[in-house]
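Heads up, the next two complexes both have chain A, just with different partners, chain B and then chain C.
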Partner chain A sequence: MQYEMNFGWTSPIGEVLLGATKNDGGTRRVSYRIGGGSTLPFLEDMSTTPAPLIAFEVCDNPAFWSPIIRDYCGDLVTSVSEWAKKADTDYRADLIRLHLTSTKQRNFSDIASLGPVVESVLSATSLPLIIEGSNEPKIDSEVYQKCGEAGQGERLLLGTAEAGKYRSIAAAALAYNHSIIAQSPIDINLAKQLNILLKEIGVQRDHIVIDPYTGALGYGFEYSFSAMERIRFSALKGDTDLAMPMICSAADTLSIKEVREAGPGQQDELAIQWELFTCLAAAAAGAEILCVRHPGTLAPLRKALAGMKQKAHTAGVH
Partner chain B sequence: MALKALDIYKLLPKKNCKECGDPTCLTFAMKLAGGKADIELCPYLSDEAKSVLGASTRPPIRLVKIGVGTRNFKVGEETVLYRHEKTFYHPTGIVFRVMDTMTSEEIIAVTKRVRDETLTRVGADLRFNGIAIENVSGSAETFARAVETVEKVEAHLPPVLISKDTAALKAALVHCGTYRPLLHAATLENVKEMCALAKQHGCPLVVRSDSLDGLVQLVKTCTAEGVPDLVLDLAPDSLGEFILRSTAIRELAITRAVPDLGYPVYLNAAQTGQQDAAVAVGIVKYGSVIVTDPLPVGAAKAALTLRQNIYTDPQKPIQMNPGIYRVGSPDKDSPVLMTVNFSLTFFTLQGYLESARVPCFMLIVDTEGLSVLTAVAAGKLSEMLVRDSIKKFGLENEVSHRKLIIPGYASPLSGRIEDATGWKVLVGPRDAAEIGEYLHEEWKK
Partner chain C sequence: MTDVESAKKHGEEALKTRIQAIQKPFSYEETAYHLPISYALTGVAVHDRAAVEEVLKKTADNPIVASECLLAEQTAVKGKEPAPYTGFISDTVIRKLGYSLVDGSILGLALIVGTPQGEGSAAAICRELQEKYMLTFLAGNVVPSLSGAGVKLGLDYRLIPLGSSPFYGIHFTDIVARVAMMFGGVTPGDMHRLLAYAAERAKAIVIVFPGLTDEEIALVDGMRVLGFPILSLGDYEGGTWVPATPDDVVRQGMDLKGIKVHVTAIPIPMSCSPAFEGKSIRKEEMYVEFGGGRSPAFELLRMREPSEIEDGKITVIGPEIDAMKEGSANPLGIIIEVAGKAMKKDYEPVLERRIHNFVNYGEGSWHVAQRDLIWVRISKEAVAKGVKIEHIGKLLASKFRMDFPQLLDAVAVTLITDPTKVAEAKKEAERVYDERDARIKGMRDSDVNTYYSCTLCQTFAPNHVCVITPERLALCGAISWLDGKIAYEMSPSGANQPIEKGPVINELTGEFEGVNRFVKKASHGEIERCSLYSVMEYPMTCCGCFEAIALMLPEVNGIMVVNREYKGMTPSGMTFSTLAGTIGGGAQTPGFAGISKNYVLSDRFLQGEGGIERLVWMPAALKEELKERLVKKLADRGLSGFLDKVADETTAETIEALMEFLERAGHPALTMKPLV
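== the complex of A and B ==
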């Protein structure tokens, strides 16, 4: 006897293309099509889909990065291109997420320096890139313009648009055909609202990845988990303004008390487990890009995700 | 189809005898309608009423109690697929496994660890739940000795007895048969003997099959044999299979499409070859009893924290008591930071303040557990509340200055707070992560 789960879904999650290969006018060795799911995560045959993807996060000024990672990676963090190369060939990430932390310096104004940073990472790795611009409205416009230009043709994912600041990033994405991350503070209605705002200024649905904001495990993660489940649910029930893939980045993980105050011998272990548990729970809730900062998280996470995918013959309930 | 309370009431004896534990038949009927009581509690029901009420009033997933005494735990009685639809009620029981081939010292050490280890977070004590003893030796005698070793510690932890051999289980039950151990596992081959053991000792029983059909058959056999307290082992080959079957069972049970699948789910994470990941997936995807080898410190803390997160009632914001909290040893010149009594906000800010190493006071005002953003939007955070809180908690006696740092998201209130309190208001960062830098750069001025 076959048992059918009857959820009453009406429409699939929209797809977003990350990275452009030679055929598409870029230089990436691979591109990913994420989204496309038509039921809850991990219930259907995913043998042909690479999702969820693991993005390893690097930055161009390590002074604004967790000391745990600086200690673990050593001198590597002083060269963002070497760091990105290592994430590609050694840690075997699917994507690189570059944070332009240099823009966080007080009175930062050297916008011209950002182009070469983006270019150096693009030439150090041929994986698709996510680029995080500044947090400073005054220079946003120029920063995103610079990133968009430097990555022209590469189908980047640019971050991060929020309700209060989305115009300059959208302009850069539209001008150079990149996709963008749309972040809202753990609230399905605000997520929808931002997507509508983006739609109104011309950003297509297939160029948006939703970031519902991920609180660290133990520090609000349950709200993020439920926000992700609700977004996925509404999307499958037909709400096209929420039918985009989601990204999970629990950026606070490395600075929470449990990790920070773990004994010196245990800090890496705590950091890795915290990232692993967060990413797996988020993946089960529907996130398709999982961001990590500790190199030790990638291997166990990759193995677990492979085990969570349905093989073609087991899709459907037996 | 679920019945309304009044429809159920009509079928009850209306004696108000209180023998079910409820004051009146009507209150009992309301509980039945909500799936919160068992029809068997009423001793005066006619067989006809029982058959009408039985299937539609039973909770869609049976509540199963494992162990006795203060450390017993209950699983099941869940009603939703998503925690945001209502809440998840009975947190996953995480059970550490020992094997009967281990030395008694090793077995005792694990037992003591489960007895003693506590992680205190957000005011709650989080613990692992029990000890699983697995018969790896193949010898009934060795198995029984291992169970005896666990019981001699007198930790009173709920036991899970794992063996294919009913003779071994029988020998082990001599040592813990009265403690409601969970027996693992009945399969199509041994179901009759397993039922006899479970019935004799009044124990809950795990049934194991890699197909939903097989589970349904086993459940039917066990309930017919008089063993009602069952747990389902889906025998998954991968985490993906677990997610698929566990989700199917939850969905089919709560919609009452297949009432015979209405039992809590068991997962042996130790057998998956990626134990940490299996524990995480088991917690979020409806695992009610998870057996794992003793977890190293990182995975142990992450597992307890994830379970606490997932089983927190999403309908209730967790609240702190309003008042003045100290970080480090502040003095009369130390900064004062005002924020709301949403516990997440509190603990996040407190964490960053501690790492900033600037002794200070936190003034926590009562927004009924709302976050800063929501409290400002809803008008719960107002200048009157801040003024009254300063008076009520005697902040004026704690510091000699009159400067108050408020959260970035409360900046629209800064002028009004200054007018109402007479304190100079400094607007802090929106993100608590930046508070250290803020204090070092702004407060010193």
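== the complex of A and C ==
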């Protein structure tokens, strides 16, 4: 059966560069150019962009992490650099997303300690890095300054800017030439507004990745999907303020009832399945980066994405 | 007294002479920007005498460039000054400073040069600058004077001693030049961009104490090119330096550059954020309401002289919320008075429309419509938390200050709940509305090539796009073409954008290529075509704020109009609220259009369907409201007596009665081209 594949798109999604190799003044072994798509993902007989990148999420204080992952990974979680290294060499992630959860401790003030954390992860892996700073207005300014400085030259992706807190992240991106994640609460207009605010402060469009906010499958993901779909349609129809790549994290899936309350022996499998299918749905909606926390999710996710890239008949679907 | 003009002349000559003495090559360390000012202005990397000559030629012997070259050479030869002086500051530190500027933790930059007279005056100025989040650079005798007064210096204290003589003030400028290149996207050599960046984005002021030499005066005066105000604290005359007193110099400088200390938290007992904007308050959740046809209510924003209002003052005239019965409807007048250097009277209606957003930002307050049609509710939950009428005033005053820092210096809010006083003030408000409506009278759609959009309501109706033309104001009745134009001037990335109307597709229905293109984009691809003057074909989308609805009645081959205030049944078999529920939400519904009441008076009204002759029914009160102007308009168009042929609820409540009435009256619509 033949479908009409002309949707009247007028312009492609902008590209964002992640990671800097030696040639570009950094120390990463690889850099990625994400975005650039000119139609929806996974269409047959259409020139589409590569499959989404998979980022593995780690943190520097596991007390603020899912117990499922803590149990599965064991002692590994106590050393963020070892953890990141394993994500690179064993789990085969494309990117590492470092959450500075230590900043979540009550009255956290040891900003100076963050520099060495970032540096240790940068030396433990040569993959491009995503860094999530603090979420506390009182320390945001110093934390992002420190992150930006520690990763100077590496072309990091810094997160997460929101309508109420974007100045510090924007400043770090501008000062040290990093890109930033701009998150809005499942709302196309707020996504656009934030991008405009960032533009006004001086952040270039090719330094912004949209986080539409990803609900867990069965727990609001349909809203995320709809928002992503509309963001992508608008972008392809020429709205340059929305024409950026998107990032989705399946983090919420680890705290939903089915996974949280699953019996021992089943919990890991359920966590993996939930992350996997949330990510696949996000990929179908157009995400360029998918973030997972369970080490077991990466292999099946990669396999499934490869299957989606194949022609329908070769993949066994008619 | 030193005469600035003549000192400047002597100084510039002296600088030129001294340049001749430069022999050996030189450079600054720890920078990728060479001599930053020269590099930013000309793109030339200065390291020797030949390059010095080149940049001076390119900048017409600019005293800042000359000073930069001289100081760089002097630093290379003699080395840096000892601590506490910083001398030239490295790129790494500038990056951090720039970070704080973008971040907002520093609001602006100040340079203080010269020799303070007597202890304490410089210290007081510096303390004020610190309190106002300014980063201050110091050069010359002001440094020992501050140390003498026990003032701590250094980056941590936001007081940076650049050097022992005012000449080191040049580093202030090289910092701004580097911030422009690092953060502002200014490419070296793009002089125009640099000057624009320095003038508009770099919030910098210069404070001058007495005792500057001619050369130093030439240098400081040269900074005016970058848009820095030079504030003089005595001993200088002539030139364009701004005389100031130590008590007032910081405020004056910050005012001149429009640097404002932001309000961050609103002191009211409910949360306030755009996140609550789309949340409505249902009847069961409501504690009290105002307006909405249940009680008289209005809102008005007016410009005043700064001396006439006290910033942040909230006045409640009449009973507070605790004296109101739960579930009751009460009268309300919201009067906002604003003052500001950049404020214009033309901006009043545009700012007034923001009351809608701001009241909705409150977790327990809700607002719809505009002018004397407003409808406001306060929730039970909010009242239980202690929210009062006064807090709505605080919310409004703070939000206006926060969102329009460049425009408003003072905002005062008066809320009237006393029935007699509301009635009085409402009369005055109506006079103001009429005055505003009169301003745009006489302008034609064909007179302009640009219309304006309004997507303010996309928070409620995600694909809705209003197209505002001189002869068709927004369907809410609150934003005219002029208001759209002004709103765009004030906020170029806001909800009102210019629309190039482009080539005509259909003159009669008002369809234009440019408008279609814009609407398609702004409706996220949902709406392909939009005709401005037609109800039947591709009418404009409707949000939910329309003052009235125009809809076709196929049985009588005509179009009726019903306004929001009318509660009764209409010949269509539906009430206003039923109709509103059917057509709102950003949809395009052929046969139905949301319109402003005044649009009925426009020559473009129903143009696509044959003009006002199609109008068969409207509520008596609306007829009465428009009568005076409508009768005149109709007479001008040779349609005297037409208004009597238009039915209302007193003559026809049903479609059958309407048919009879129209036939009896000999209404022209009956014999016009069939609508469907």
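Following the convention adopted for this analysis, the second predicted complex is superposed on the first by the 297 of 318 C-alpha atoms of A that agree within 3 Å, B and C clash if a C-alpha of one lies under 4 Å from a C-alpha of the other, contacts with A are read in each partner's own complex, and residues count from 1 in each chain.
Simple rule for what comes next: a contact is a pair of C-beta atoms (placed from the backbone, for glycine too) under 8 Å apart; a residue touches a chain by one contact, two chains touch by 3 or more.
Bear in mind that the values here come from a model prediction, so they are computed numbers and not experimental data.
Visitor: Let's test your reading of the overlay: on chain A, do chain B and chain C clash or fit side by side?
Guide: When both complexes are placed onto chain A, chain B and chain C end up clashing with one another.
Visitor: For A:D239, decide between first (touching chain B), second (touching chain C), both and neither.
Guide: Only chain C is touched by A:D239; chain B is not.
Visitor: Please indicate which partner A:P264 is in contact with in the superposed arrangement: first for chain B, second for chain C, both, or neither.
Guide: neither
Visitor: For A:P185, decide between first (touching chain B), second (touching chain C), both and neither.
Guide: It touches chain B and chain C both.
Visitor: Counting residues of chain A touched by each partner, does chain B or chain C come out ahead?
Guide: B
Visitor: With the two structures laid over each other on chain A, which partner does A:G74 touch: chain B (first), chain C (second), both, or neither?
Guide: A:G74 contacts neither chain B nor chain C.
Visitor: Touch check for A:A304: first (chain B), second (chain C), both, or neither?
Guide: So A:A304 only meets chain B here.
Visitor: Looking at the overlay, what does A:R230 touch: chain B (first), chain C (second), both, or neither?
Guide: Both partners, chain B and chain C.
Visitor: After superposition on the shared chain, which partner residues are touched by A:M5: those of chain B (first), chain C (second), both, or neither?
Guide: First partner only, chain B.
Visitor: With the two complexes overlaid, spot the stretch of chain B among 291-299, 381-389, 399-407 or 435-443 whose C-alpha atoms clash with chain C.
Guide: In the superposed model, chain B runs into chain C at 381-389.
Visitor: Both chain B and chain C touch chain A; at which residues?
Guide: 185, 230, 233
Visitor: Where on chain C is chain A touching in the complex?
Guide: 95-96, 98-105, 182-185, 273-275, 458-459, 462, 493, 520-521, 524-525
Visitor: Contact residues on chain A for chain C in the complex?
Guide: Interface residues on the chain A side: 8, 141, 144-145, 148-149, 163-164, 167-168, 170-172, 174-176, 185, 188-190, 196, 199-202, 204, 230, 233-234, 237-239.
Visitor: Which stretch or stretches of chain B touch chain A in the complex?
Guide: Listed in rising order, the residues of chain B that touch chain A are 82-84, 121-122, 211-213, 238-241, 243-245, 247-248, 251-252, 255, 257-258, 272, 274, 276-277, 280-281, 283-285, 296-299, 301-303, 305-306, 308-310, 312, 314, 344, 347-348, 351-352, 354-355, 373, 433.
Visitor: Note which residues of chain A are touching chain B in the complex, please.
Guide: Residues of chain A touching chain B: 1, 3, 5-7, 40, 42-43, 185, 215, 217-223, 225-226, 229-230, 233, 252, 255-258, 260, 262, 266, 269-270, 272-274, 276-277, 280-281, 284-285, 300-301, 303-304, 307-311, 314-315, 317-318.
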